[in-house]
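Take a look at the following structure, please.
Order of writing sets the chain letters: A, B and C. Residues in each chain are counted from 1.
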Amino acid sequence: MRFRRFLAPFIANPVLLVLVGLVVLFSLLYPQRFLTGLNLTTILKQFVTLTLFALGPSMVVVMGSLDLSYVGIWMLGGILVWLLAPTLGPWAILIFPLLGLGTGLFIGVIHAKGKMPSFILTLCLLVVYWGLTAILSRGYSRAVKGYEFITAPLVPYIPTAFLWSLPLIGGAVYLMARTRIGLYLYAIGSNEEGAQLAGIPVTKYKIIAFALSGLFTGLGTIILFQHLGGSVPVELNLKNVVWPLVAIVLGGTPLVGGSGGPQRTIIGALTFSVFYRGLYLSLLHPEILQLLVGVLLIVSIIVGARGIKGVEIT
Amino acid sequence: MRGNVLSRAWVRRNAGTLWPLLVAFAIVLGFQIANPAFLRYEGFITLIYAMSYFLIAACGLTFVIMMGSFDFAVPSVLKLAALLCVMYIGRFGFFAIPLALLVSLGIGALNGVLLAYLRVPSFMATLGVSIVVEGIALYLSKGFLHIMYDERFRALATTFLLGLPAIFYWAIGIWALSTFLAICTPFGRRTYAIGGNLIAARLSGINVERQRILVFALSGFLAGVAGVLYMAQLGGGSMLIGSDMSIPLFASVVAGGTALSGGTGGPHRTLLGVIIITWMQSGMLMLALGRDMQMVIFGLIAVAVAVATMDRKRIRVVK
Amino acid sequence: MESTVPVLEVQDVAKTFDGVVRALDGVSIAVYQGEIVGVVGENGAGKSTLMKILAGVYAPDRGALFLGGKKVPFPRNPKEAARWGISIVYQERGVIPHLRVYEFLFLGHEEKYRGPFGLRRVEMRKEARAILDEFHVACDTESFMYELPLATQKMVEIARAVLGIRLESEGRAVAPVIILDEPTAPLTLEERKDLFASILRMKGRASFIFVSHIIPEIMEFVDRVYVLRDGKLVAHYDFSKDVVTEEDLFRAIVGRESLAYALGAEESTATSEIVLQAEGLTRNGAYYDVSFVLHRGECLGLFGPAGSGKSEVVRTLAGILSFDGGRLRVKGQEVHSHEPPYIRLTRGIGYCSGESGRELFFQWSIAKNISIVNLEKVLYPHLPVIRFRREETMAKSIAEKLGIKAPSVHTDCYSLSGGNKQKVSMGKWLERSPDILLLEDPTIGIDVGAREDIYRVLFEMKRRGIALVLASDDPKEYALLCDRILVMRKGRVERTVEAKEFREMAVV
C-alpha cells in the first residue's frame, strides 16, 4: 500500500520515471562529470531558459491551440529595450510584458474572431517580429547594460535567474490549477462546443488565454534577456522555437488540449535539460544532437498529439 | 453560370480569382511608378528566376492545403534535395538527381504516414520532420558553402531557350501538370473531396489514408524537384537555401485562393499567388527593402489573406 | 398528480424561421410537479425548436409561458431560463471529458466559490458530494468525467442542470424542470436501463421533459406524452388513463395523410442469388445475433423503433462500425470486421444516408457529386483522366431521370433544396449500381413529390438487380419497398415478416 502510494505520481506522469532514469543513467555513465555542481548549474540554467519560454504557451496548449510567438517577443522586446533604454532608463525593461500582452491580445483576437489556425498565425507573427528586430537593430546584435543585477549571483551553484523564475512559475501553476480562468481553459481544450453549451464565453476566454500566454512570456523574457547574455540575436534560431515545444509535449501536455499544463511543463523542461546535458557530455556531434532533438520532438508528439478516437484530424 | 459578366453575382462568384489579379495589377503599377527599370528585360529575367523554383514548390504545397492539411517541411526538403545534389554529383554523376528526388519523396511520404496512420496533426508532424531534415542537411553539409562544378547539371536550369531560362519551362510544365492533375484526374478529385468534406469522402469510397500519403509524397517530391533545379540555377549553396521561404510560400498559395480550410482553390490559382508574391519580392529588392522588411510585409500579408479566404461558416472549431 | 397547478405551462407557442419555415404552430404543453413528460416526433417535427424556446435559445413569435401558474415572459438566454427553473441537457457534446466531476458540476457557476486564493475547491467538493448523493449518483467527485460510464456521465449532467437552477435562482423557491434531449442516443442498450432507473429515482426532486423518438422508452418511462408533427401538437396521451399501444403512438408520430401511396407495390424482382449473408452478427451494446440472407434484386427492411439496433446493423454492413461476433459474407466471400468503407465499396456495398451532409460535397457541382463514386465510368480507357463531356452527359441523364430541378448540372449543391440534394445522392448511387445498396432514412425531411421520385428510383434499382437494405422510421416505406422485413427490438431480431403480411399490418 505504501509502495503504491509512492508509485502513484510516476504512473500519473510517466515522464518522471524517464527523468529519474536519465539521472541514474547519466550518473553511471559519467560518474566524474554528471553529478558535479557545475554541471547541475548548467542544467538549471538550461531549465530556466526552457521553462520561461514554455510557461505561457503551455497555457494555450491546454486549450488545444498553439502559440509560437515567444521567441519573437524576446527578440523584438530586446531591441525595443535597447532603443528605449537611453530615454526611459531602467524602466525600459518593462517593454517586455507590455509587448507580450499586446501580442497576445492581437493573436487572440485574430484567432478567435477570424478563425485562423493559431499555429500558422503565430508562426507568421514570429517571422514578422524577427524581421522587425532585424530592421530596428540594423542588422547587429545590440547589448544593453544596466540589468546585470538580475543575474547577479546570490546563492552558490543556483543561478539567480532560477530564483527569479520561481514566482513566475508559481503564478502560472496557481492560475491554471486554482482559478476559474484555468478551469475554463481546460474545459475549452477538452470540448469546445460543450464549453459553449455550458455557458462559457469561449471567444472571450480564448483571447484571455493568448493574452496570458503573451504576458507570462513577457514577464519571463525580462529574466531571460539578461540570463541569455543581455542582448538578443538578430537571426532566428529555430531551436529556440522548438525546444520549449518539446518541453511542453514531453511534460505530458497533449497538443489536442484538455490536460497537462504549466506544472507538467516544468517536469518536461527539467527532463529535456537533463537529457540534453547528458548527450552533450557524451561528446556527440552538435549536428547529431540537433537530429536527436528532432527525433525526440517527433516521438513525444506522436505520443502526445495523437488525435482522440472519433475526432478527425487534418 | 455564364450570365452577365461584371454583374454583382458574377463578381461574388469569382471574387477569389479577381482580387489577386487586381492586387497584382496594382503592385506592378506601383513598382512601375517607383522604378521605371522594373519591367526591363534584365529585371524580367531576374523575376523569372525568382519565380520558377518557387512555383514548383508552391504547387506541391497547394495540394496539401487543398486537402485541408499543412506541410511545414517544404523548405527544408528543398534545402536537403539541393544539398544532396551538389554534394553527390561528383561521386554519383547524374544519379545524384534521382537520389535527391527519392529522398524528398520518402520524406513527404513519411509526413503522410505520420498523419494518416499515427494520427499526428499534419502541422506538428511536418514541423518535427522538418527539424530532423534540417539536422540531416546540416550534418551532411557541415554548414559549408558547396559549389556546383558540373556545368551540364547547371544547364538544366540556365540554358536559354527563346530568351527564357530552362527552369522557367520546367516550372510552367510542372505547374501545367499539377493543374491537370488537380482538375482532370481522380487524384485531384479525391484531394478536393478530402478537404471539402472528410466524412462524405470516406463514405464515397475514397481511401483517405492512402490519398493523404500520396499527396504528402507529391508535396515532398515537388519540393525536391524545386531544390534540384534551384541548385542548378544558383550553382552552389549552403544551409541558407530556402531558409526564409516558408512564409512567402504559404502566403502565395493562400493569396492565390486556396483557403486553409481546404477543399477550394488549386494549383491553377497558385500561379497568380506566386506571381504576386515574387513580383513584390523583386520590387521590394529594387526599392532597397531588405530581407527583413520583406519578412515583416509577407508575414502580415500571410495573416491577412489567410483570414480573408477562410471559410468560417463551414469550420466550427479552429485550434 | 398531487398539485393541480402545473409547474410549467406554455400556451399557443408559434415560431417561424426566415419568415417561411413554420417550425411551431400553436403548441401548448404543461408539466406538473414530479412528472416525466415525453415530447415525441420525427426529426423536423418541431420538438427541438420548442425545447430551445423553453431554454432561452430562441424567442418565440407568440405564445405565453406560465411558471407555477404565474405568467412570465419567455427567457432570453439560458442563464435566465435557469434562474426561472428551466435547464436543458443536450443530446451530445455536453460533457467535458477532462474536467473532474466536481469541476464539471459547477462549470459556469463558479462565482459563489471564488475565494481570495482562487476557487474554494474543498467547499466545491463537499457540495458536489452532497448533490450527487441527493441524486443517487454513485461516483467519486475526484474522477475525471471521461472515466465514468456514459450513463453516469448523463446523470452528472442532469445533476449539473438542477444545480445550475439552484445556483441561478439564488434561493428563491423554483421548481426545477429539466429538459432531456434524446438522452439515450449515445448509450448502449444496457446503459439505457441504468439511466432510466436513476432518473426515476430523481423524480421527486425535479420534473422532466423527455424528448425522444424511441417509442418503447417513452411507453415504459414517461407519465404523459405529447406528440408533435409538422410543428403542430397532434396528440396527447396520459398513460395512467388512456390505453395506448406502441402502434398508436407510431401512427401519431408518422401518420402523414398526404403521402403518395398511389404508387402500388410492384412485382417482386428478387432472384435466388445470394449476395449477402450475415450469421449471428453481434456488436456489443448495439445488436446481438443478427442473421439474414439478402438476394439479388431484393429489398430487405430492418424495421424497429429507433434504438433497436437497425441503423447500427446498416452501418456495420457499410464498414463505418465494426462487429464483435458472427460472420458476414458478401457474394460468398468472408468479410473482415474492420474493413473501411472503401473496401466494402469495392466488394459492391454502397451506403446512402438521408443526411445530405454525409453524402454531398456542397461546394461542388451536381455533376461532380454524381461522378465521385463513378469515376471509373468517366475516365478514358487505360488513362486516369476525367472526360468532362462524359461526366456532363452522365449527370444530365441522371438529373433528367430523377427530375432534379436546377439551372444546370454545373450548379453548386449548396443552392439546391433538400429534396433535390437527396435526389443527387440517390442519383450517384443509381449510376454506380453497386450490388448492394444500404439505405438509412432515405427520405428524411423531404416533401411528398420528391419522395415519390426517390421511390421510383429505388424501384428501378431493384429491377436492375441491386439488393437494397432499408432502415427508416416510416412503416409505409417498408410496405412499399421491401420484400422481407426483419422486425428488430432491443438489439435482437424478433421475427421475419413477408411483405404481404407487413402490408396488411401497416395499412390498418
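Please note the rule applied: a contact is a pair of C-beta atoms (placed from the backbone, for glycine too) under 8 Å apart; a residue touches a chain by one contact, two chains touch by 3 or more.
From a predicted model like this one, the values you see are computed outputs, not experimental measurements.
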| In terms of CA centroid distance, which chain is the most far removed from chain B? | C
| What chain pair shows the greatest number of contacts? | A-B
| message | Just the number, please: Cα centre separation of chain A and chain B in whole Å. | response | 31
| said: Centroid of chain B to centroid of chain C, CA atoms only: how many Å? | reply: 44
| message | Where in chain B do residues touch at least two different other chains? | response | 199
| request: Indicate the residues of chain A shared as contacts by at least two other chains. | output: 193
| chain A residues touching chain B - in the complex, by the definition given at the top | 64-66, 110-111, 114-121, 123-125, 127-128, 130-135, 139, 192-193, 238, 242, 255, 257, 285, 287-288, 290-291, 293-295, 297-298, 301-302, 305-307, 312-314
| remark: In their shared complex, chain B is touched by residues of chain C numbered 318, 320, 340-342, 344-346, 350-351, 353, 357-364, 368, 371-373, 375, 379, 384-386, 388, 407-408, 410-411
| field | Partner chain C, residues of chain B touching it in the complex | value | 1, 180, 184-187, 189, 192-193, 196-197, 199-200, 202-208, 263-264
| In their complex, what parts of chain B are in touch with chain A? | 67-70, 114-115, 118-125, 127-129, 131-132, 134-136, 138-139, 142, 198-199, 244, 247, 250, 260, 262, 290-300, 302-303, 306-307, 310, 312, 315-319
| request: Sort out for me which residues of chain A touch chain C in the complex. | output: 174, 177-180, 183, 186-187, 189-191, 193-195, 197-200, 258-259
